[in-house]
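Each structure below is given as structure tokens.
Two complexes, one shared chain (chain A), two partners (chain B, chain C).
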Partner chain A sequence: MASLTGVSLKLTPLSSSFKPTQVPFLGVSNVNSVSFPSLTMRPGSFRIRISCAAKPETVDKVCKIVRKQLALPADSSVTGESQFAALGADSLDTVEIVMGLEEEFGITLEEESAQSISTVQDAADLIEKLLEKKGA
Partner chain B sequence: MMEKGVQRWVVDISKWDPSTNGFSFALSLLPQHHHSSILRFVKKGDRKRALISCLLQYALVHEVLGIPYQDIVIKRTSEGKPFLECGRVCFDFPNFNFNVSHHGDYVAIASEPLCLVGLDIVCHMIPEKETVLEYVQNFSSCFSSLEWNQIITAGSNDEVLSEFYRYWCLKEAYVKAIGSGLAYGLHKVEFHHTGWTNISVKVDGILNSQWRFWLSYLGKGHWVSVARGHPRSAIESYKRSLKQTKFNEEEYNEGLLLPNPRFVLRTVEELFSVIHKAKCSCLSS
Partner chain C sequence: MNIRCFPRKFSSALPPLVPLQLPSPMETHLWYILPNEVKSVALLNQYSELLSPCERENVNRMGGDQLKKRALLARALVRTTIARYQTNCQMNPRSLKFRKNIYGKPEVEWKNDDNFSPPPLHFNISHTSSMIACGVTVNVPIGIDVEGKQRKIKNDIIAFAQRYFSPCEVKLLTAISDSEIQRQEFIKLWTLKEAYVKALGKGFSAVPFKTFTIRFKASTIRCFHLPGNSVSEASEVIVESSDDPKNLPNNWQFALLEVAASHYVAICTEKDKIVGGEANRPMKLTVRKTIPFVEDVCVSGTDAVLVLGGIIEQ
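Up next, the complex of A and B:
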């Protein structure tokens, strides 16, 4: 945690009509967040997330893998904010995307951490964290 | 009485191709707070499926439980599983719950009065970018060695894919019934069957006789699986949404041994009509 640079604190209420039933968890991976989606995605929940923003190149590579797996039209927008479920990833796609990411970056995504990923940015951040650990 | 709580509905959305206005009308049948979760899907097909899925939930709850439209509160757990919030509305079933699934041309919903229910639709899609063996290999860690063996020795490419999709679909139904996400440990949930009937599950090597599973063919290469099991197997976040999770053996068997009806085909127009009427009767009262 001490070596993180470019730390950003984000408080994102996703739906103002949703009453949070859980206390937001402060940490790098949010245990209250939805699992890597096989069910349709979750609506509002308060998330406090300290994230070290990944390099744009990493985000781009993740976007490319996701685009390919989900056969998204060239003109559709895929950015760091894009949610995997919203892009149309079902449970089978999700497994293939994880495998694609593991191959591309030469890492292994643990089940528990994979379950905290819901956006492209989440994936890129986790990948860089793992690469950093690997390189250290 | 309890039988009425067991519902299996499916909608074929392939023929529903709404204009922008048509889609907006359909969306207007649902409470505002559901709109963004439907509209955020990028692909039109996914938006359609999400919309119909939500309509199915409202239609089913209204028809089966008789709850007035404005009193229906459907929320999601942190893992994304929709549930009916009991609140001040009482109903006759010990533990009414439901699950939805959508894939390809179909959107389906299943409900149970006591047991947990999960369902999943798969479509027999042929991989385009790789061979069948390469494709299924991606998922090998999700299967027990027994299941994996069944899959790869199934025969032709089509037979291999078929085995694969059916095992996958059953695992998904189980995982969705308990309210989990794409869980680690799928390989620990091992399915046994005779010709895809008498389907049972072993979890961590132990047969769990409190679960029942069914697989049926919907049409156009689509299969649907249904899982029915004990509410105490639900994960914590989903358990909190359930009315009752403790049952004695006799009570539980009443729910477990209910018939499993065939899926009933509902049309998009019927759904609109049910909900529209339900909304209007709220406005006039």
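Up next, the complex of A and C:
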């Protein structure tokens, strides 16, 4: 996807993975191997903001809803770059998650945008965009 | 069980797949695997040899052994199923190539050879944690969806239906007072709607669930092949536009099955215009349970396949 949100996704997860509250990756990494050697060693301060990435609280809320829907064990890793499909979400799970997000944040997600969400970060970014529009 | 897909340098001998004739027009073949029945790590490793490097990568990306196994079995099922339909050449499951159409629907990428005419084969897969299924047709597109009968819905069913289903469907579900029956009817409706959208192949957003209604209609059909031309009552599944109910897209036919006493399976195929004929032609259906390279069991007409809707001939 050639959207701005798409571009920012590649960069922000690298910085968010250094946040102390994040659970470190367990087992197989599900981060696409994009090598930005100059960025990996920098903690949270280095962040190219092409579009506004979601607040950590929003990402956390999304993670919680995803965990609940998929009944994931407490020790399983769910972070911003977790892909719904890789967590085991099928189409009904995805729609239930979208509905849960709509209820939690008081927004409506159109089918087109719901279809373009593949990671937790995607969902969080979209939610904040809609909340911003609402607030404006 | 530590499952990890890795390419093997040598290939262990696998028994050949039993070759099959393509389905005839208006016929659907349904194949399914029950992952719990596949326990051999050696067999799973052999399946992983059939996958492309890209597919193996996708399998490894899944979180946890069970999800990896499910993803692996899904790819193995698609590859081995399509390879069974020998047309004019021996098809190797490993050498099949896949691509997505402009809407993202997976299809086979046949090799562009002068001597080779690709078979008019269509397929669609669906999986839940406890069943992986693949439907195959010729000439016409197919969509299938599988859900476990016991699946619990986390949201309130009526709230969910009001958000995503058509007003007609909400009315039908609301009228069901027993919550367990309501849940079951919800899941059946979901699988039928999913199967329709997948058959159309344009993605969830092109045909939002709210814009169409699926319902059952009592139908009398004449069974010419049974002695005495007997007439039997069957329940036809129809789809109509929410805004314009009289505009019935009647070129689609559905099957709703209960398979292995544990799953609802919905199948949607386009009616073959070339074959034509009477309006309520049954869908010929052959259902097989498989563990590729180990066993294939035809379960059509047995207790393993219960027809809940649609005019089906097994």
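The criterion applied here is as follows: the second predicted complex is superposed on the first by the 85 of 136 C-alpha atoms of A that agree within 3 Å, B and C clash if a C-alpha of one lies under 4 Å from a C-alpha of the other, contacts with A are read in each partner's own complex, and residues count from 1 in each chain.
Everything that follows uses one rule, which is that contacts are C-beta pairs under 8 Å (C-beta built on N, C-alpha and C of every residue); 3 or more make two chains touch, one makes a residue touch a chain.
Note that the structure is a prediction, hence the values are computed from the model and not measured.
Applying the stated contact rule after C-alpha superposition, one finds that A:Leu92 touches each of chain B and chain C. Residue by residue along chain A, chain B and chain C are tallied for touches, and B comes out ahead.
Across the two superposed structures, the residue set of chain A contacted by chain B and also by chain C is 76-77, 82-83, 85-88, 90-92, 95-96, 99, 111-112, 115.
Residues 15, 17-18, 21-22, 32-43, 45, 72, 76-77, 82-83, 85-88, 90-92, 94-96, 99, 111-112, 115 of chain A are the ones touching chain B in the complex.
Only residues 27-28, 30, 68-69, 76-77, 82-83, 85-88, 90-92, 95-96, 99-100, 102, 110-112, 114-115 of chain A touch chain C when the two sit together in their complex. Of all residues in chain B, those touching chain A in their complex are 32-33, 36-37, 40-43, 45-46, 50, 53, 75-82, 100, 103, 138-139, 142, 168, 172, 175-176, 180-185, 240.
Remark: chain C residues 60-64, 66-67, 70, 127-129, 145, 147, 151, 153-155, 159-160, 163-164, 190, 194, 203-205, 208 touch chain A in the complex.
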